[in-house]
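There are structures below to look over.
What follows is chain A paired twice: with chain B in the first complex and chain C in the second.
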Partner chain A sequence: MTSRMLGIGFLSPAIISVCIFFLLPVLLTVVFAFTNMSTSTGIMGGDYRINTEQLRSLPDLDVSEATVERLETAGFQITEAGLTALADQFSKDTAEELREDYLGETFESRRDLERVLKDLDEPIRRTRDRKEAADLFAVTLIGERFGTEEEFRAALGTTGIDAVDHDVLTEFAYTGWTWTTDNFSLLMELPSTLRYAANTAFYVVATLTFNILFGLFLAISTFYLPGRLANTFRAIWFLPRILPPVLYVLMWNWFTWDNGFIATVMGWFGVPAKNWMMHTSTHAWTAIVLINGFVGASLGMILFSSAIKAIPTSMLYASEVDGANRWQQVRYIILPQMRWPILFMTSYQTLSLLTSFEYILLATDGGPGRSTEVWALAAFHTALNNYGGNLQYGFGAAYALVLVFIGIALSVAYLRFFNFKELLSKPRIEQ
Partner chain B sequence: MELRLENFTKRFGDVTVIENMDLTVNSGEMMALLGPSGCGKSTTLFAICGIHKMNGGALYFGDRDVTTVSAQGRSVGVVFQNYALYPHMTAEQNIGFPLKVQRMPKAEIRREVERLADLVQIGNLLDRRPAELSGGQQQRVALARAMIRKPDVLLLDEPLANLDAKLRLEMRSEIRRIQRETGITAILVTHDQVEAMSMCDRIALMRDGKIVQLDTPEQMYRNPQSQFVAGFLGNPPISFLPARADASLTLANGQTIERPPGLEAMGDVVLGIRPEHFGPQHGTGLKGKVVFVEPQGREELVDVRLDGGGDIRSILPAGDPIRPGETVDWGIAPGTILAFGPNGDRL
Partner chain C sequence: MTAHPRIWHLVLILSIFSTPLVIMYVYQVIDSIASPDPGSLIPGEIDLSNWRFLWERIDMGRPSIWMVTFNTFIFASTTAFLVTLLSTTAGYALSRLDMPGRPYFLGGLIILHAFPTITLIIAIFIILQFLGLFDTLLGIILVKAALELPFGVWIMKGFYDTVPWEIEMAGVQDGASRFRVWWELVLPQVKPGLAALLIISFLSGWSEFVLPLVLAPGSSTQVLSTYMNAVIQDDASADFGLFKAIGMFYSIPVIVIYLVFQKQLMNIYGGGTKG
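What follows is the complex of A and B.
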């Protein structure tokens, strides 16, 4: 009993971390993906308002013309607010008289109110002034803000708008976010979706291939170097990994700028200067695969190196006295025993490449055009860094949710494939 | 094929492990490299198969100078102490590997593998991986792999060290049988004297990177050239008693024994008496008290503390009713006393 409690106690930091850093973000992503949250809706909910520009799109909503007209001018009412404005802009006496005789009264049309204004003891004489004065008492929903749905509906009731249209208008007037599955149908419709998916597939496959092959090459070639030299090489190749991404990509940028290293060197051979990273999409892809590839390869190098070192030296000796040359030793002895590290590296890197975009963001930011925009970057751009300025949190989350599902599916597949239990219990490199 | 090592020197950094060693193994002979741990046996073996470069000297296989030839270029088969089988290959692939890297046609490899598998008697285990084989079976696979190229020499580095006692006995005679059947020149590295004596035609006994005696097992046992050799061979080990030589031999404890014929030395000596040469069947002469009896089934080991000091060991047929505490007066078989000088050399 106590030991069980103790176990849970020891586990709790891990459990808490998993909850905070994995479950919670996933949960939030799911929640956001089913909303239309964006900069304009905010994330806190909103109020009810219809403004003048929105009036123009009202007919699209299938409401009657009468309703639109009603919305614009629902009628006129003598209110304290209107009277104060009248006192300010015209005459106090007029306002005072109007309050005494008409406060609270409503008028169907402007003409009725104008007639009243004209017939006062202290009338407003000029026709144009009367018009303006009447407008001060106009009752309208346009531009007015209502905190809750009830208030808005109540206001609608006073305008005499056909009750049939109330629901549509309420929904239309809501400025906050709502639940919706539109994000996913939009994802299905947009041609860019396919584009991003293809980009991502290419990015993952190309980078992964480079990672593994180059990592293997580094591990094997340093294995055959004398110890000191090998360590120096490994340290150099490990730099991309430990360098802060911003610094690392900055170096690449410097390397490829129009007046950077490559351009300068190529200039000596008469090649016109250009941005070697952004010139065409081929340039951009090459740069991205290399940038990510070197980072991944250095991790692969470390993992593969230690896997090679775990091969008993006597086995390598044996292969030498058996007559195997270097190449045959690599081909028949070392590589077959690297199967598990290679598979592990492949699966691990697939997952991390699918979701990582920081190097692309820093290097090409998806450009030129959208040619290197991968899925994760698209999610980031949509939700958090939009050119237009309207950040579509909901839509971005829908992008991200797709990745979450692919990631979980892949993880489960890997777990079954590797049979991790077995992998953990028994070392794969046997004596 | 004859193997000749001349003036072999091996250094690791500035530590000289072997200096100017000469060794000749006759064609078809099985030679043991015997010695305590760290004396340089494996180092010698690795130099012969080409894994380690020699720092000095020359190595000949027959008339061919292979000193600078790479491991791949020498025709040697090696059985490593831990067998060093390739875990990802089946027994068949393991055995056939030396031929595969020579790009021999598959059918031919198959035929050769079967021939070797018959020789080491594992024909029914060919499609198993090393992890699915017992220690003895792995040993046989390793042996087959080492022999499939019909190498000039076969090198065995402590091949029996990882086996249990019964299997060790079995493999001992197996390896010897296979070596005899193929007539291959072989070197067996071991620190186990029983292995060396029972399996090999000759033994090179090493100490600190030098060969201290090279002889047949019988000669080395009966006629050791130094106190070290006498002490290294024999189980239970020989007993040493310091003595003074003049008209007779006076032990440190004051008891005297007769001078063996042929011993000319005078002064301080160390006498070596093997346990089978001391006992009641050899008459009387040395008095003492039994301090320890260790039954060993067929025989029993008896430790005797001599009156006045000094321990001597005897091995007797089981059944003699000897108890610790008993006083005894036993003799030494004539002509079996070994005498060594103060520097350890045989006198």
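What follows is the complex of A and C.
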């Protein structure tokens, strides 16, 4: 077997799954961002239908009054469905007689049909009843479902609606999704857009700063501690990274909620119990930065620790012989060696913080109000989980598209950070 | 490093910062078996009623914990198996096999490795609906495995890169096919990598929350993360004893793996993973 064939065979399962769950979603995010897809339009396309509630908004579309009237009642026809309803609500005999003499016949106006009903051998006697009975036979487009545009247009034609209004009505009646750029103009208009962007910027900068500074502190300080003590602290700080997010945030909830730890301890000093996570937006932001920061610092500690271990001990001993104190050792030997890990950590964390919302969703869910709603969480709330119940996939995809673009741009930029040439060294067996 | 005589101030600062975490860990364990009285932090008598979710439904309409645990196990282990399988072959191809377009695949891998997959969840949600895999375990297994794949391939490629070329050269000289060389000579060399990747993807699947929340919201496909979240969301009285007992139960495999493989895990996570 040639290595070329083997390579393709070995790679193709991974490539197929990458195509389905990376490339296709990226393309579809672009596509969906230009649609008005939502729960109410569905995702599979739709049909054509106008219901009674929609009738009221029709005059706004510059549809003539005659058309609206025509939509409501386009004449009367004696049909089996109508007859069954008549038999149920009035009398079987009347229905039977009507079926024999008039089945299939149409009447232009209600008055014509009412006259027929009056003149039957088994007539409907009261005027009001006749009116109701006639309504059972009204021909109307309202509430009726049409599978295709042709069917709907044909129906508009046969009910005698002015051809001028056909296009407007067809567009109006379509229940599926359509192409639109409204999502982006909406993003430009809504004041919340700027708010979410500012929230995201603050969240990323604050958390990242905490991660790096605290991660460095943990790595350097545990480096100077004797082995057992250092391992204890590393173990304490490694756990947040490995615990399931739901459990990790639960521990924070217990720590900060109004029947939790802080509230209990503060209660001993007479401070009334309150939710220390959600009380004000400052509380919420502090909690969010710490919750994410502890996890990030955990990663930082591990990365920086292994980088410190890679520093030749002879350098450190030499500096001690030269009389450098601890601080000078950190400042002039350890920190300069940290440049690459810090750069790596910054680039990776920027991207993952920009787009992650798991811990925020679990902790504050964007609250109180919308004060901790970041961009990625807004996309999630818009498209996948909101209280209104109408999930706006299209609008959510527009939010996500911004992140997808940033994600692609940044990860392509990171290609440069890696030593790409080294990666490309040719396999040796073929040489 | 030589032990410095005055490290107590360093220990003090570290301890102060670590206190909140330690308190959380300690009370996570204590509260699950003995809830203190309100307003007090001293644990009362041992009380196992927080663990009642194991032998009864905590409320109607919630699936049994054992079915949820079974789902979680199937989800995490199948994902781990798939990721490891595909990464083992793809990693070898990228590391050792000369083939057309290799630079592009490598570049693509680095981009994918850094790319934040969570931004794709809206599109994936709709794709699964199209495919009829929405709200099925199979659906979230495929998605999770695919999203973990760049990380897995990256790790496995790293392990293959450290295998000496001489081993393969010798095999090829003796007339074995590249496939046989891989299967009989190279694969045994990367066994630690396979084990590490299996463990890490299992942990990642076990902890996964957003994917099942969005892509498998039904009660028959619930996993422990969504189960626990639903219990927390639906309970108006914030019964932390119950939550923590569920959390303990949920994290048993994580804690066990952590205690056994702590050192190896730190090494792997230090090897440049997603943050």
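Please note the rule applied: the second predicted complex is superposed on the first by the 400 of 431 C-alpha atoms of A that agree within 3 Å, B and C clash if a C-alpha of one lies under 4 Å from a C-alpha of the other, contacts with A are read in each partner's own complex, and residues count from 1 in each chain.
Everything below uses one rule, namely that a residue touches a chain if its C-beta (ideal position, glycine included) is under 8 Å from a C-beta of that chain, and two chains touch if they have at least 3 such contacts.
No experiment lies behind these values; they were computed from the predicted model shown.
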With both structures lined up on chain A, is it a clash or a fit for chain B and chain C? fit
I'd like to know which partner A:90 touches here: chain B for first, chain C for second, both or neither. neither
Between chain B (first) and chain C (second), which does A:196 come into contact with in this model arrangement: first, second, both, or neither? neither
For the superposed arrangement, I'd like the angle with vertex at the C-alpha centre of chain A and ends at chain B and chain C, nearest 10 degrees. 40
According to the stated criteria, A:333 is in contact with first (chain B), second (chain C), both, or neither; which is it? first
Contact-wise, after the overlay, does A:18 reach chain B, chain C, both or neither (first, second, both, neither)? second
Is A:320 contacted by the first partner chain B, the second partner chain C, both or neither? both
First (chain B), second (chain C), both or neither: which does A:102 touch? neither
Touching A:48 in the superposition: chain B (first), chain C (second), both, neither? neither
For A:174, decide between first (touching chain B), second (touching chain C), both and neither. neither
Of chain B and chain C, which one touches more residues of chain A? C
After superposing the two complexes, find the smallest distance in angstrom between C-alpha atoms of chain B and C-alpha atoms of chain C. 7
Let me check the overlay on chain A: which residues of chain A are in contact with chain B and also with chain C? 320, 429-430
Please output the residues of chain A touching chain B within their complex, sorted ascending. 312, 314-315, 317-325, 328, 332-333, 336-337, 339, 429-431
Which of the residues in chain A come into contact with chain C in the complex? 1-4, 6-11, 13-15, 17-18, 20-22, 24-26, 28-29, 32, 37, 43-44, 211, 214, 218, 221-226, 229, 233-247, 250-255, 257, 259-261, 264-265, 267, 294, 296, 299, 302-303, 305-306, 313, 316, 320, 326, 344-345, 347-349, 351-358, 361-362, 376, 379-380, 383-385, 393, 396-397, 400, 403-404, 407-408, 410-412, 414-415, 418, 420, 423-424, 426-430
What part of chain B is in contact with chain A in the complex they form? 46, 49-51, 70-72, 74, 76-78, 80-82, 84-89, 97-98, 100-102, 130-131, 145, 149
Can you check the complex and tell me which residues of chain C touch chain A? 1-4, 7, 10-11, 13-14, 17-18, 20-25, 27-28, 31, 38-41, 86-87, 89-90, 92-100, 102-103, 105-108, 110-127, 129-130, 142-143, 145-147, 149-150, 153, 165, 168-169, 172, 177-179, 182, 203, 206-207, 209-210, 214, 224-225, 228-229, 232, 238, 240, 243-244, 247, 250-251, 254, 258, 262, 265-267, 269-270, 272-275
